[in-house]
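What follows is a group of structures, each given as structure tokens.
Both of the next two complexes hold chain A, though its partner changes from chain B to chain C.
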Partner chain A sequence: MAETTSALPGARFDGAVLIEEAGLRGMITLKGDLAATRLHSAATGVAGVDFPGQGEANCVGEHGLCWMAPDELLILVPYARAAEDSAAIATALAGTHHLVTNVSDARVIFTAAGPAAREVLAKLTPADLHPDSFRPGQFRRTRLAQAPAAYWMRDAETFEIIAFRSMAAYVFDLLVGAANPAAPVGRY
Partner chain B sequence: MLILRCPYCGIDADETELTPGGEAHITRAGPGSSDAEFEAYLFLRENPKGVHFERWRHSYGCGKWFHAARCTATNEVFGTYSAQVTAPPKELCQKISGKRPGWLSRWLS
Partner chain C sequence: MSGRLPTGGRLIDRRLPVEFTFNGKRMEGLEGDTLASALMANGQRLVGRSFKYHRPRGVVASGAEEPNALLTTGHGRREEPNQRATTTELFAGLEARSQNHWPSLEFDIGALNARLSRFLTAGFYYKMFMWPRAFWKHVYEPVIRQSAGLGPAPNARDADIYEHSYATVDVLVIGGGVAGLIAAQSAAAAGARVMLIEQTAAWGGRAMVDGAVIEGQGAEPWVEATTEALAARENVDLRPRTMGAGVYDHGYVLAYERLCDHDPQDGAPRHRLWKIRARQIVTATGAIERPLAFAGNDLPGVMLASAIRDYVVNWGVHAGARTVIVTNNDDAYRTALTLLDAGLDVPAILDARDEVTGALPDEARARGIRVEAGAGIAKVKGAAKVEGVAVCRQGGDGTVTEEIACDAVAMSGGWSPVVHLWSHPGGKLVWNADHALFAPDPDAAPKGADGQPFVIPAGAAAGPGDAGFTTTHALASGAEAGAEAARRTGHKAKAVKPPMADDPAEGPLTPVWVMPQGATPEARGKMWLDFQNDVKVSDVEQAAREGYQSVEHTKRYTTLGMATDQGKLSNINGLAILADSLGEPIPEVGTTTFRPPYTPISMGAIGGEARGALFQPVRRTPVHDWHEANGAHWEPVGHWRRPYTFLREGESVEQAVQREVRNTREAVGLLDASTLGKILVRGPDAGAFLDMMYTNMMSTLPPGRCRYGLMCSENGFLIDDGVVARIDEESWLCHTTTGGADRIHAHMEEWLQTEWWDMKVFTANITEQYAQFAVVGPEARNLLEDIGGMDLSAEALPFMHWAEGQIGGFDTRVFRISFSGELSYEIAVPAGQGRAFWDRLLSVGKPYGIMPYGTEALHIMRAEKGFIMIGDETDGTVIPQDLGLNWAISKKKADFLGKRAQERTHMADPGRWQLVGLRTLNGSVLEDGAYAIGEGRNANGQQSVEGRVTSTYFSPTLGRGIAMGLVREGPNRMGEILQFTRIGAAPVEARIVSPVFYDPDGERQNG
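Right, the complex of A and B next:
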């Protein structure tokens, strides 16, 4: 059987911040009533983290829960567990109105790490990334230049960015351009 | 540049993260309607200088449709509200009346 690879294996750029492709990650889209107890326990049971509030992401290691929309959750798990975990959620929610899909192979994850990470991202997104407005734990679906993307902060200097796999090269090139060490902004 | 607060995810979304959906609260003229009613549904739109109710979609975010009230002359945003209503909420209309005394809309005749 063919070996599965991520979109841009080993892609890396060390500029104003360190841009890296984070490799394969299991991602499960779960739609349904986010207020339902059964959905809560199914999602937290798989991810092993607290259920996020509106606009939040709770991520520990390769696991995480991200609030995508009032009726949509993104569950992060290790890649090898994605198929098994989505089946487990489908079993746990059987009979309730929901939708669960393994979207691991449709996405790419990048990390942008360094003290200038906010600035690099702010060059590409219309969202307000001022430290008062966007803090670790918050999750934002928006765009990077022309590509839909979502990101959150792992800590005060590290962003994790999700984009569509088909746009991986475009998003990586954007990040590399924005992280050009010759073009600092000094805003934040 | 407009910034609209999505009533579903609470995010202040930039205009470029949104897709405009035209005038709000249009009633669909279905089968059995007259030609004049169908024409009005399909083609006839308000084009005010002032208060306007619009539909927007948070397309780069949660993907939900919502409503917004905006002044077309100054781009002042009076508020945003749920898509699951057929007319602007009363509080919003009162707020607009405070800022634009005597404003008119075909929804408040």
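Right, the complex of A and C next:
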């Protein structure tokens, strides 16, 4: 395979939380009938995690299944597996109405880690990040300031954030600003 | 003369002096002072000049309602005009300057305006600025406009940073007085998620100043204990220095947190704008005291009675040594007693009421203060400061009964609940005649999407209780409001039991709108209602005489309440005067509209992080950095930045563009086309769907082939174009314009989701998955074959075909398409491989003379070929038929979006402007957008036109100007010569020709 680089390799800021570009990750968009058994098997077979409910993300390591819409799933796999896994899903779903496409290169993925992660993110996203409303296992498609974004929590203090690759620099700069150590909020 | 008292001041720390300057003069305040209290402590009562008449003005109030004490603070990058001294916390090194005076605060030439006052009355803007016309430019604008104003806008870039923060809460309590504190306590005890915000730095509101008694002692211990208990709760967020700025539909609230105003510093945000979703909102926003309208009530030293006691109790500052109190209610007696306690003189209390009963007046009398019932002020004596008052009977005509020497006047016309936040989202008000005030109408609360009320007023903001504005009422209504808010958010809630409060019995108030009742017209011309905008009783009365009946019209005509304080002190008094003049009851006249923000908030806070590099997202392609490092002269396209051209040492932009075109035509060029939209459309009905989306037939396109397609709106107008590639039996890849990707994807989804939901089609916008480069020019194939990999010969991959394979080890999809007319391959690779592939093309292409080219070279080359560009040849009013694109409109299809619209008579009119090429006779370049001059004049008396230029360039290939344009019946007029306009120059002649200027048979691209 040719030399492949993520959107902002090595980008890192240690502030109120630790912001890092998380490198390459395999991402597969799967559209179809989310209630269908065949689709369930195909998705869970590739990701090796339970099928998520509405608004949920089941992520373990580099694998995961994220609920994007009533007819759309985002499948996370190691980057090197994405093309092959996409093809495997397409084969498994042959004859059913679906769309599967590898979007690994269309995205950037950041992590925001630390006890202040919720309040750092809450400076940029209108979603309710109170621990009663958003916990590991949940997934939000929303925005960070003016950029479309989605995120979930790897653990109680770590967010994984995906955004479009072309906006990687904008999103990183946003996160750096929000993680300004001189601007604690003290809400969560 | 004002000054600091030897003792007292619960908010100041006498051990910590703080230096600051006022108009360059060094002064000393104390930690905990506001700028206003510090100025008064330094004997500085004069703080500015009024807006219109440049009258000397002093501090009137102690909080957000202050109309006069607006100062410019800081300098350079921290200069900020119109800062209210009463809400500006003092810090070391604070620089403050007064505004709206020239040459100095003490001596001001603009005060001449006061002599012109008979010309500056109500509606003077409308009357004077109308006529004579020449005066507008030469007199009114330069002279009068100049003299009326606030602080000048700063020139330097703001040194500070700002941020936003989002919060979702069950119950937002606005106001941290006793009502707000107990409301938060009630809601929090029920388990609701609570946020409590308070605009000042201190909790407890007026309770401590007003001598509230809770559980047998002062309010302070209860306030402290309650605040601590709330802070300890996990479900409560306490935010001092945070003002509820606006309440909007659906419980959306903007709150303005001032983080560093009291302690300016680099690197920390100055303000934070909260965007709060609250399921229920408790407005515990208190009340504001009303001034009284008597002659000379705007002189420095005349202040609200409550403010005078605020300064004594909170900051140990007195407004004067001898204070006359003028009132129509019992509350002002608290000021008299406070002043007495502080060892200051109160020569008299002038009470407009004929009968003065109540516990507080009794106490005042018992302590030896002279109480004059039925009395008022005929006139305040003094020119630039209070020297005394002329006393009269309130019921009379202003005949002076005596004069009392004093240096301050404390006035109280009663209290108005702060109903602003209740009113913002539509809460209605009801008139309370006993207390002469508007209060929230509990039966007409603002309602949310579910039809249920979402705002609950509490404490003084809800209006007085049975015994008036008492601590007992504040505590009881706050406790219940908090519980009710919690119940409405699904919690089992019981109001916390309010602590026992002890309130003195207060006598009734008598409304007083003019003092004295029978004041002469001359006196009414000296009674200020709106201090900031210089509106007097006489102005409102004049407006009524001139026929103004609506309070909203009167407001605009007189400018009453239109200043930055939004008439917090003047509105009720003003509309009472209007009602009186019209002979109507006050509730019939009503109030003006309350609009957010409650007090002005900084532009920086509104912008938040969106400034400088983050003002707008900039989208970058995978080779953006290369472009940047190699002379890219950028052009914004949507949110993307695309290189317009790549500048080399010593080149002009024009020269660079010409070089790029020539090199591409003669050797090989390289274009970063990654920004073009790519939408994957898949499903059993995808072909049928695309036949509807495009004007031409896409369902018949065989896999492996490409077709240029046009998209129209349902109104028939061309909205986008691009090449569609059939990927497999069920999949198509649709290319869109750079700016069109998101819009066209949304357009597709809208039709799929709202109209054709039965079609089995999925779409995915995969624009960013690929880096896509066009390798263009006679050497393109040679270059790619040198890199090596898949077969790219004319036989294996003919024009308008695509294929997948590897080139130099890269995973590619290669499209044989051309927007330049040259031999051209558009090659897509996964975005992560984009930069490496670009570098490989450049290095292998070196011997072939490869050069990247930008968007302008792309434009010129497509124009040489007569290819249209969305946004140049189209403007939302152009249909494909106008552009000679009939070949791309299927005659076989029963329907497609835009088909019916294009059959309308106007759309099918042969007289429409249609696309042609334009060739100037002298070889020059036509002006962009130039019009073809027609015969005669149109209905508006303008020169008739019969066409316009849509694209125009100097063609380096042809060595002359070329253009495309839309001309009436253009294609039927080949060879005709038209005159085209030039700005500021004589028209130029151009011949109508074919729009294809170069290689009309397409031999180069097909090779």
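In the analysis below, the second predicted complex is superposed on the first by the 186 of 188 C-alpha atoms of A that agree within 3 Å, B and C clash if a C-alpha of one lies under 4 Å from a C-alpha of the other, contacts with A are read in each partner's own complex, and residues count from 1 in each chain.
The definition used in the following text is that a residue touches a chain if its C-beta (ideal position, glycine included) is under 8 Å from a C-beta of that chain, and two chains touch if they have at least 3 such contacts.
What you are looking at is a predicted structure, and each value in this text was computed from that prediction instead of being measured.
Once the two complexes are laid over each other on the shared chain, residue contacts for A:55 go to chain B alone; chain C is not touched. In the superposed model, A:12 makes contact with neither chain B nor chain C.
Comparing chain B with chain C, the partner in contact with more residues of chain A is C.
Looking at the shared chain after the overlay, A:126 reaches both chain B and chain C. Of the two partner chains, neither chain B nor chain C is touched by A:135. By the document's definition of touching, of the two partners only chain C reaches A:24; chain B does not.
Applying the stated contact rule after C-alpha superposition, one finds that A:68 touches chain B and leaves chain C untouched. With the contact threshold set out at the top, residues 126-128 of chain A are in contact with chain B in one structure and with chain C in the other.
Residue ranges of chain B in contact with chain A, taken from their complex: 8-14, 16-17, 60-64.
Listing the residues of chain A that touch chain C in their complex gives 1-6, 24, 29, 31-32, 71, 97-99, 101-107, 119, 122-130, 132-133, 145-147, 164-170, 173-174, 177-178, 180, 182-183, 185, 187. Taken in their complex, chain A has these residues touching chain B: 54-55, 68-70, 72, 126-128, 140-143, 148.
The touching residues of chain C, counted against chain A in their complex, run 161, 163-168, 193, 237, 259, 265, 267-269, 272, 275, 277, 608-610, 613-614, 616-622, 639-640, 680, 682-684, 760, 762-764, 766-770, 808-811, 829-833, 835-837.
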